[in-house]
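Below are two complexes that have subunit A in common, paired first with subunit B and then with subunit C.
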Partner chain A sequence: MPDVADFIRKLQRRRIEGSHATARQTAELLRSVVSQTRMPYTNQAAALLDSVRAVGEQLIAANPVELAVGNIVRRVLHIIREEDLSSSAVSFEGLMISEKSDDEEDVDQKGGPVLSAAAVAAAARSTLRPRSLQTLLEDGPTPAVPSKSSSAGDSEGKSKSDKSTMGKRLKHSVIEAINLLIEEIDDCYEDISEQAVEHIHQNEVILTLGRSKTVKEFLYAAKQKNRSFRVFVAEGAPRYQGHVLAKELIQKGLETTVITDSAIFAMISRVNMVIVGAHAIMANGGVIAPVGMNMLALAAQRHAVPFVVVAGSHKLCPLYPHNPEVLLNELKSPSELIDFGEFSDCMDFGAHGGAPLMHVVNPTFDYVPPNLISLFITDTGGHNAAHMYKLIADYYSADDLVIKRKSTSSN
Partner chain B sequence: MAQKKGGKSAASDDPEELARTPLQAVLLADTFNLKFRPITLERPKVLLPLVNTPMIDYTLAWLESVGVEEVFLFCCAHAEQVKEYIGNSHWGQSHAGFSITTIESNFSMSAGDALRFIEGKNVIRGDFILITGDTISNMSLTEALQAHKDRRKKDPDTVMTMFVKRSKPMPLTHQTRLGNDEIMMAIDPETKQLLYYEDRFDSSKRAVTLDKSLLADNASLYLRTDLEDCYIDICSPEVLTIFLDNFDYQHLRRHFVKGLLHDDIMGKKIYTHEIDSSYTARVDNYRSYDTISKDIIQRWSFPLVPDVLYAGNRAQMRLQREGIYKAPDVTLSPSVRIGAFTAIGSATIIGENSSVSNSVIGELCTIGRNVSIDGCYIWDNVTIEDGCRLSHSIVCDGVHLHAGATLEPGVILSFKVEVGQNITVPAYSKVSLLPQPSKQDSDEELEYADTNSGVIDSPSIASISPANIEHDHVSSFDTEQSVLLEGGLSGVGYIWTSCETGNEEEWRYSVAPIPEEKLKEFYAKMFDEDESSSDGEQTGITHSGELISESKSTDFDDSDGEYKGDVAKFEKEVEETFERALGGVAEENVQLEINSLRMSFNVTHAECAGAVFQSVIKSAIITSNSSKSNLLKATIDAIERSKGLLSYFITNVDEEIEVILKFEEMCMEITREFAPIFSSVLHQLYDKEVITEDAILKWESEKADADESDKVFVKQSEAFLKWLKEAPEEDDEDE
Partner chain C sequence: MDLRRPNRPVIGPKVRQVGFITPDSGSATASTSIPAVAAAATAAGSPPSSLSPVMIPPPRHPSTEMSNPHYHPIGSYNPSEQILGSPPALSPSRSSRFDADGSDFGGDDDESVALSGVGGGMTPKSSLLMRQPVTKTAPPVSETTKRDSNVSKGKAAGPSAAPKEKLTRAERRAAQEAQRAAKAAAKEAAAAGGAPSVSKQPKPATKPTNQQKKDGASGSGPLQPLAPSGSIEKKQGKKEVAAPHPRMQFDDMTKVGKLKKRAVVNQSEARNRVELFRHLPQYEHGTQLPDLESKFFQLDPIHPSVYQVGLQFLSDKISGGNARCIAMLLAFKEVIQDYTTPPEKTLTRDLGAKVGSCVSFLIECRPLSVSMGNAIRFLKNRISSLPHNLSDKEAKSRLQSDIDRFINEKIIIASKAIVEHGVSKIRDGDVLLTYGSPSVVESIFAYAHGIKKNFRVVVVDSRPKHEGQGLLRRLVERGIHCTYTHINAVSYVMHEVTRVFLGASSVLSNGTVYSRVGTACVAMVAHAFRVPVLVCCEAYKFHERVQLDSICSNELGDPDAISKVSGRKDLNYLDGWAQNENLQLLNLKYDATPSDYVSVLVTEQGMLPPTSVPVIIREYGIERLWT
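This part shows the complex of A and B:
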């Protein structure tokens, strides 16, 4: 598949950057992979899982530091599992109903409405994922999941049709679900920024570091709701994306102050809330974010300023930061820090026995431990750091955490 | 992708270029020099690994990243190997970012020939990028390409945009960190037009000769020595035709660039584009191989770094702390010490108590126990047995070092060489399985071994090595000692004599750092130069200063005055030396001292002779009281005493005349006591054979036209002169 090779190359050469773009493109690519997969007669879900996993492994290897790729691959795998379960549940339930319809008549009448196929599917889904607080709450009062019920409802009628159409249906429903995922990725900014007014209050001072599109939208949304507040932007050396953000904010009429990263500690006492974006949220509630963020988080903790991370759900990574697969950081070119020409004589390997005395290190990310983070705002609402693993359990299935064809082929 | 789109939209704005030609690149996969011999006898330079990835991969990856759509790969030496590599790699496949076409010519000896050959193929349709296959870069091309196109629109005579990068040369050795010589460029500060290019500029002379018109035609210009030529050019198609017209152009810079700059008739213009933050460098010699490898490990070339750019089949290296790159399947004994900035390739095994620092180790290597490796480049499949010591060397594929072998700094071991037990390979030696071509033939620009050398017919190692072993055991090759075999164990390989540069210059381009002693030597030399010519600084050029063409007339006066002062100073020095000599220093030592004084003050032989004579005469005054006869006697004694010295410094007629004139001057000014006895002293000098008859007569004839006041001494010695003139006649009569 040429698309895959092309995308892998782009990832490798770091030509796609930013988790949002990467996530979206990964989802699109996987959708085309799913649609191109030939479906066998038996065990169709396994075939889909295998092909997605095969591509996913390559994608993750192409740019291991971009965790969004792995997240989306796992999300898609999870989608396939879910759809498989629900469709098999539907067919099973369909058979049950047709055979035992006369016997169960009275039961139906007694127990209220018939358990719809969708409800069974939801139940099956809840067995698939570990029991989390949220699923318990969801499943208790409303047994049917409304979003899925329509598709499951249609399928009920055709449940007895032959297996090839069923295969198509599985594929079809997986593609549908991936489309929903893409939509979700696209809409994450809106969903997050809807919550802005609940968090940003009148005359507050907000501090942010670097440039995050999520933060920008969040602040815009608050501004649109006529909240008046001030924003401090730490410039985010060495890329100085903070300068860009400041420009964008000013165009929207937000009062903005640019400070250096090193002035954060001096300014933090005047700040009411720190709102930052993230590169990835790990399963333990820790955050991988642009360099300098840990310093900011520590400063916020010292002055008891709330440290809020806004991030779309595609940044939720089911791995822990200590997992060996996780590449936490990437060292970029030192030329972002210093001018090569100016320092070229300090880096002459001809002298000093071949080892220059000057080294320049330019890490991209920081790891912020969960205890420093007051609140996560994702597209599903606000969460505590300690709650992250449960949220993650809703999106991913435990079997997919390690994506290696060989090790998981036995599944 | 973004760049590509940018290029497209920019082109569509321009009505002339609606029929857009794809961006093309000519990649020369042959460097047409011998700097990487003997390695390049067996493998083309572009396929040599640079931090475990062939150089050409870096170049192709860059071309792809800047949105090049068609690449013409020109191969000459080892064309088959290059083609095979490209065919097997992902570059040759359809989903690569560009199409790649190989052009093969076995008869091209230079970049000029290659470009003429490509011209003949008629494939270049528009502006193209000219690059060699050993260039590492991560710069963006969009801006420079646009600038080039804009200039082309304004002035169709623009043929080329050259990329330059700021890089300070080392003040001591006058070479850049890549081991290249300093380059002197004159650039128009406004338009960035290149006005002057000299790649063999010697800044130690502190002077540069520029064409007068250069200063006349340009209001201002920058003379810079802190630039490095990246050897990446954006060329217009005219470049090819220029090469075709000037069939003697071989070298891109030495012939083409200089040729265009000197040639006013064609009026072609070359511009420069200075790169700021991004990285560009070319592997031109072993020193740059070392430097660039280290730059890559320190990630200057990001994203072309080992943990990102890797196309091999084996496990990819991952970056760990302290700049250590390690593949996941490396086997290290727990006691191995890995220093900072080291890369270790896949499936390599390192034994107990070994230490590795500042080095790159390839794939599938086996390294034994107690081995120390510092600053080395070890390629694939190398076996190093226990107790070896390697420092600052390049070890190619398949080399086997037996236990206890030592590689001194700067050693190059070519493919499959074996070094016997406990043998030390001396510094800067190059060892290859292939014997060195006996003599450098005229077409030395070829990268591969020429069949003319008569030693080998094919570069296949398998067929040769058994013969070599036998040959080596019998006798050593040529005049070279077979150091490898002294241990009597299985060493295989020839030691090459350094051919081009000579041993003296070997350290300059070696993979090893410059030895301390050399640096000290240079430091001392520079210090001396500064001492003696610190006044001459006004001609020196600051690193990027603007040269101001005024204030020249005053300079000359200054230097003239300086000059006179120097001579007086010199005379004083000589006098002091002479006084010390009277204290009983051996005559040779005095000679030596005065000679060295003469050289350091840069005075002529004649002036020196005069100074010595003056010292001799002055010594006479010191030892005598003022009576006339005593003075004469003392003078004669002094002359007698220093006769050897005088005759050493006074060797020809001119110097003798100088001595007489000096004496005359002394008599009139400093030491008037001598005035009465001038003729007697002159006679004495003649008698002692310090001054010959010719000189005296010449002196007289010179004085013939002088003022009356100047003739005092001539008149005084009239009798002596008369006698002199008669004397030869007597001689004649005698015969």
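This part shows the complex of A and C:
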């Protein structure tokens, strides 16, 4: 598939940056992957899962730091599982109560845009098999929790024509669900900024670092509700995206003060709230964020200023971080910090046993541990850092946490 | 009638105080009813927001308290105290006076009503005394409000107003005399002691003198002992350029106006001032330099060397506490060298004024650092403590050697001592982090490298000045392994760091380290990562001031340096937006590091915890700086 290779190249060369863009494009790519997958007669869900996983693995390897790619791959895998589960359950029970199941589908279609694919599937599952002690005890023989193979086994028992419609239906519903996911990624700004008025009151002084579109929309929304507040923007060296944000804010008539990153500690004592964006939210509630964020979070903690992270749910990453400062980081070119021309004479490689005397470190990300974060505002509402694991359990299935295929298991 | 009404609230609390006194006096029965009525009347008439005695701090003059044995502190409701204080013989006369007061209430006699309130708890003698001057003066109606405040204060003080007023006036005069004398002898300590009694209670009667006090230099107050402009040139140097106080509040319009009239450097105010920092000067940068250059031949009072140093400060050619201080002192040395005492003037006074005007010029170029303030204080002390019988030549050579001694002892030898202390904390294999370009830390690294210690240095830098690049270059040229990064990445590099060495512009007496902006961030991150923070600072930079945050006292740099990123042509997001009224660019120069982030202070006196700063100031500051 040519567009996969193209996308991978873009990821490798860091042509696509920012979790929103990558998430959206990954979802679109996976949608085309799903639609192009030839559906076998048997074991269709497994075939979809495999093809998505194969592409996903390459995508993740292309830019392992861009966690949004992995998140979306896992979301799609989860969608396939859920759709497979619901469709097989529908087909299983549909023999007897087919009309009812159709009704269910209709309802789902109508309420679709609001609910996420996972929620749709969960709703379908819960209506079909309400969770109660009775069902648990009685439904012994029925595949209440069908694994990949068991669902395949179910479909095997049916006639060929039935299978082909089933396959189309599965693919169709997966694509529908991915569309919903894309929509959700696009709508996350609105959903988040709707909550702005609950958090920003009159005469608030807000500090932010760098530029995040989510933060911008959040502040815009509060401004639109005629809240007047002041914003301090730390410029966020070495990318200086804070300047861009400041420009955007003053265009909307917000009173904005640009400060250097070094002045964060000096100014935070006069700030009511810190609102920042994130690169990714880890499963433990920690945050991978643009460099400098840990310093800001520490300063906020010192002065008991609430540290609020706004992020769409596509930034939720089901992985637990280990040594994230090093392993989930990326070192950029030193040219952002120093002028090569000025320091060329200091880079004398021969003189000191081959090792250069001077290193320049320019990391991209910072890890903010969960204990420094007061609140997460996602498109599903406000959450505590300790609650992140539950959100992640809603969005991802535990089987997909490790994308990497075992070399033998692929078929 | 309408004018009188507001007076009653003033009376109210006083009458109530009488109520506390009456029960213990023998023949109180007759008198109690009247104050009770009065109290009821006032309570009914007075709004709750009326002037209460609690709001006005009683000026506790020891002399007045002594002179009036019947003075009771406001807060004391202990009847036994009052029994002891007031002789029983007073009671009959008091009751009679209350009768008079009662008639006063009926007669709506404004003055006497006020009097009754004041004299309520007093001896009859004092009340009589008091009645006299007030009736004598009989001020116009417009004066009544002022007088009310006077009266209420007099009441708060306890004794009757008139004697007290006289007393305080005399006192004030005495204090002024003392001050003048002290200034002549230039004992600033004496001035500081005399000042508070004057400035504490601004009264309309003494307004002119008071005002004069204030604008001259509030430096004589106890809170601002560091008055480089000094009180010396203040009095006799009225026509001279009076220096603005280094911590002048720039949101005070009248003071700013006065300052502008005197200013040599023509500064235009920045258009978009940061609201939070209105108390600091926010000038348009880049305009002063050409302006000042063009004025070079017009400004005769300023010595060329001072002028040169001022220009270097203005253009940031010289920066860093030590460098600026040495440059200034050397310039002053030349000023002293070229100085001749004008006829009919004494050297101690005139030279002090001269130095003061130079200092004010330097302040206009760039606000003084604490180190410079301390050096100026030292110099002024030396000037004023010169014996009068010295010849000009002798005095000048003495001052010059004093300056040399200061530079040598306080700065050069001190930093050598710090280097020796600091090096003892560097082990082989250490990774040392520093921020900015502190000169002492640089020499510590150089010395440690010279004695073959094996270590690595992490240089953390920040916008907009990128001072760390200079340090990086110098260290690499010495052959020290360096890692360079920017301040945002400090938590990335902190993992490998074993020691943090920081410089300071000043260490304040609550242990706060006042230093290049960003130092607090670095210290905080180091603290979070459990890395020891060593702040290297010469003891002459210690100051008895205290500060909790970085807002109240700071210095603002050129805001345009924020919008333009040096060396990055592609970053021009804010081009053309700097004039937008919603955008403010804040370029702070310093910040205050809380003392709990500092593990140890390395000074020439040894390595100390930050809590020992007041000890150093007490033990060494006065002894060594002031003599």
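Just so it is clear, the second predicted complex is superposed on the first by the 335 of 411 C-alpha atoms of A that agree within 3 Å, B and C clash if a C-alpha of one lies under 4 Å from a C-alpha of the other, contacts with A are read in each partner's own complex, and residues count from 1 in each chain.
To be clear about the criterion, a residue touches a chain if its C-beta (ideal position, glycine included) is under 8 Å from a C-beta of that chain, and two chains touch if they have at least 3 such contacts.
In this text, all values refer to a predicted model and were calculated from it rather than measured experimentally.
Of the two partner chains placed around the shared chain by superposition, subunit B and subunit C are both touched by A:H359. Contacts of A:R227 after superposition on the shared chain: neither subunit B nor subunit C is touched.
Within the superposed three-chain model, A:S344 lies in touch with subunit B and out of touch with subunit C [touch as defined at top].
By the touch criterion defined above, A:S269 reaches subunit C but does not reach subunit B. Within the superposed three-chain arrangement, the count of touched residues of subunit A is higher for C, of the candidates subunit B and subunit C. Of the two partner chains, subunit B is the only one that A:S333 touches; subunit C does not reach it.
Once the two complexes are laid over each other on the shared chain, residue contacts for A:K390 go to neither subunit B nor subunit C.
Contacts of A:A5 after superposition: subunit B is touched, whereas subunit C is not reached. Of the two partner chains, neither subunit B nor subunit C is touched by A:H172. Shared contact residues of subunit A with subunit B and subunit C: 334, 336, 339, 342, 352, 359-360, 362. Only residues 2, 5-6, 9-10, 12-15, 61, 327, 331-336, 339-342, 344-345, 347-356, 359-360, 362 of subunit A touch subunit B when the two sit together in their complex. Residue ranges on subunit C touching subunit A, taken from their complex, read 274, 276, 461-464, 469, 472-473, 476-477, 479-493, 495, 517-518, 520-521, 524-525, 528, 549-551, 554, 562-563, 565, 567-568, 571, 573-574, 577, 580, 582-588, 590-592, 594.
Subunit B meets subunit A in the complex at residues 1-2, 61, 64-65, 90, 94-95, 97, 138, 165-170, 173, 175, 177, 179, 226, 276-279, 287, 290-291, 294-295, 298-303, 308-309, 316, 318-319, 323, 340-341, 357-358, 374-375, 392, 512-514, 519. Those residues of subunit A lying in contact with subunit C across their complex are 235-238, 240, 243-244, 246-247, 249-250, 253-267, 269-270, 291-292, 294-295, 298-299, 302, 325-326, 329, 334, 336-339, 342-343, 346, 352, 357-363, 366.
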